[in-house]
Amino acid sequence: MLDKLRRDVWKANRDLARRGLVVLTFGNASGIDRKRGLVAIKPSGVEYDEMKPADIVLVDPRGRVVEGKLRPSSDTPTHLALYRAFPGIGGIVHAHSPAATIFAQARRPIPCLGTTHADHFAGPVPVTRMLRKAEVEADYEAETGKVIVERFAKLDPGAMPAVLVAGHGPFVWGRTPDEAVRNAVALELVASLALATRHLDPRVPELPAYILSKHHKRKHGPKAYYGQTKEKP
Amino acid sequence: MLDKLRRDVWKANRDLARRGLVVLTFGNASGIDRKRGLVAIKPSGVEYDEMKPADIVLVDPRGRVVEGKLRPSSDTPTHLALYRAFPGIGGIVHAHSPAATIFAQARRPIPCLGTTHADHFAGPVPVTRMLRKAEVEADYEAETGKVIVERFAKLDPGAMPAVLVAGHGPFVWGRTPDEAVRNAVALELVASLALATRHLDPRVPELPAYILSKHHKRKHGPKAYYGQTKEKP
Amino acid sequence: MLDKLRRDVWKANRDLARRGLVVLTFGNASGIDRKRGLVAIKPSGVEYDEMKPADIVLVDPRGRVVEGKLRPSSDTPTHLALYRAFPGIGGIVHAHSPAATIFAQARRPIPCLGTTHADHFAGPVPVTRMLRKAEVEADYEAETGKVIVERFAKLDPGAMPAVLVAGHGPFVWGRTPDEAVRNAVALELVASLALATRHLDPRVPELPAYILSKHHKRKHGPKAYYGQTKEKP
Amino acid sequence: MLDKLRRDVWKANRDLARRGLVVLTFGNASGIDRKRGLVAIKPSGVEYDEMKPADIVLVDPRGRVVEGKLRPSSDTPTHLALYRAFPGIGGIVHAHSPAATIFAQARRPIPCLGTTHADHFAGPVPVTRMLRKAEVEADYEAETGKVIVERFAKLDPGAMPAVLVAGHGPFVWGRTPDEAVRNAVALELVASLALATRHLDPRVPELPAYILSKHHKRKHGPKAYYGQTKEKP
């Protein structure tokens, strides 16, 4: 069932490793079939280069396994919370990619200091609050999803496809699992650029709003003129 | 038409990715045929390892497509402005290579702190002013070319084959697309060295002028004695 | 004799190089057969990609060669001291991996600033005291083992599978040689994250104890629910 | 003539590129036949992966080409000055490897902060004074050799097989071209460790002399017990 989705999710997980976003088994990618309401996700603790499309697990909106022999990623409840709250997204990536994780550990947003950032993220990448003790002990992974959704109360997940969970690392999404991987690659690049730019000069101001807006609209929305078609997958 | 130029430009684009100067599709290389006045450039938003020589687009000096099925890079007007203003150059590279982009984001020139820098760039690598709101909204990519040319009013693009666009990233050139790629590799290296050197000691002075001049002339100009021939391509 | 152990140790040494934890010959891995009391360890000064399983040396608890034509690693007495003091471990890795070595050279523990750390190490990774002159001159490698054991007087080597030897570098262990390699990879990652996080903000506090505990127990101990089985090798 | 030496020097140059010590053509390796007084060295400005053993140039002590169709490296006079002053060395490497070049640009010695350093270099790696204007303009490359030799007036080139030329980069040597490459790899590693260690804590003291001495003697000299034989090549 859902062989194409499982293959796309398998490829997204493999690409996470190939693009250097994960080491060991610290990361996972998922995708959703909105019609059936089923989510395909990485099995927990399995090596990326040993994984096959058949190992990808299908779960229902409550996280119960519908198809697959392996246990799904322990982060599954976080993915499900995001799919529920953000109806426009089709794929999610979680990784401990170094530069983004550094901002998450420092509990700071990633400032928008250049056009590389503006091409992908319409403003500073936000950071959640730290989870409280009761939240961690009750239902940790589901509560992680809730603090992300809480942080997006006034944000558009279409224009800002990433978040940093304080003390943990980034969650990144897109319209497809592949777009989520690409956004995760872009996030890691802009985080590393921001780290070093603020290092070189801690007082560098953020990019002027008129350039941020111009660059984001070059690539996204109805007037986009970057790439070969206006209709991305 | 212009098959050799297109192949050279294709190779330059592919080398950008192979040498680690670009991630995803953040970068482009072009070349010019001065006799016909045509520019060969990367198609917009296409993956480097999927690109074929036939995908390279030929445009006229106004940016109209002369040959090719794909849309040219959205940065084409910037390339055209540089070819118009700098008649001695034959290839241009734009990348978001990390260390050079960090200086661009910090809106600072790259100081010449060592002979690696002097071998390629006859002084600090300059940074443009930030584009104004009206410039960004009117004709962004062409105005980007204009601020570069404005910055070079008193500079020789032959002795200084690179510039940083403030808040954006580097543009680099050479007599051929391949030389532009090599200069972009050198720029990235000297930017990363300068970052870390100033980090280790913020007061390190620039290289004395007599060493800068000696190293640059060892490789460039009529008395060059580096390499196998005085006539480079 | 002990062909499987020797093959596991050979693989662990090769993986050290493949995962970028060692350059030249700066590192070694070993494994123990608890029943026979024999330790399999890398030969001294041999290149990783030239090593064969047959080159792995078997030594007894006093370090005398039982099988093998080559001289064992000069760090053998340190490995033996750890196997003696920590009966639950089955494999040890020593490397000069950069980020962990930087903390060792700075003589500072690696603070726990995020969940990546908590997943593997139940608190800050400790650093030994500097060896004294008499210790260095008498029996250097055995004394290195002793200062590690001294540092673990109140620590559980099962929950904290790594230590930094002051001015030197990390020793890392696990239930198997392969688990020791994985812990060494995790150590290098969390050390590099901690370095850069403290760089971005020197006052970042450590991860709250309730998150540290939750993440560590997700992966380890009787209530672990990460991965496919509770019984790891 | 001297086919083995040329092959060793060719391999050393190729290894410089394979080990990531050089980009583009910024580096060269040489070797000497002490009996014949001939030096084999990289040709100037040639790509590492296109070079063949037959391209290696043989020069006499005055730098005149004895065999080979290509022009020798422009740094040849520096190599010759070192072979003349340091009779115990058999191979020399010059590279612009990043971390060592950063110290050279900052005009600072590399402090000995750990045992990785002590294993290869018996103390801080020294830096020359900056060349004077008259020296640069008269006979630049030969004068570069002279300031290195001047800096070693009270140093033993056997115990300290590397130097930083101020504002330029490292020269490294060994008993063979291969040992020079290995020492250059070690130099780059210890330079990067020292950079980051001082970054983490600017007041970290140097390694105590008794540990420095112990580690160096473990690997070098009559009482060495590291590796498989006391007689290294």
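Letters A, B, C and D mark the chains as written, and numbering starts fresh at 1 in each.
Throughout what follows, contacts are C-beta pairs under 8 Å (C-beta built on N, C-alpha and C of every residue); 3 or more make two chains touch, one makes a residue touch a chain.
All values reported here derive from a predicted model rather than from experimental measurement.
In this assembly, the chain whose C-alpha centre lies farthest from chain C is B. At the interface between chain A and chain C, two copies of one sequence, fewer than half of the residue numbers in use appear on both sides, so the contact is built from largely different positions.
As a whole-number value, the distance joining the C-alpha centres of chain A and chain C reads 33 Å. Separating the centre of chain A from that of chain D, both taken as means of CA atoms, is a distance of 46 Å.
Each of the following residues of chain D touches two or more other chains: 199. By the contact rule set out at the top, the touching chain pairs are A-B, A-C, B-D, C-D. Interface of chain C with chain A (complex): residues 113-116, 119, 182, 185-186, 189, 192-194, 196-197, 199-201, 204, 207-208, 210-211, 214, 218, 225-228.
Chain contact summary for the complex, chain B toward chain A: residues 23-24, 26, 43-46, 70-71, 74, 96, 98-99, 101-108, 130-131, 133, 136-137, 140, 167-169, 195, 198-199.
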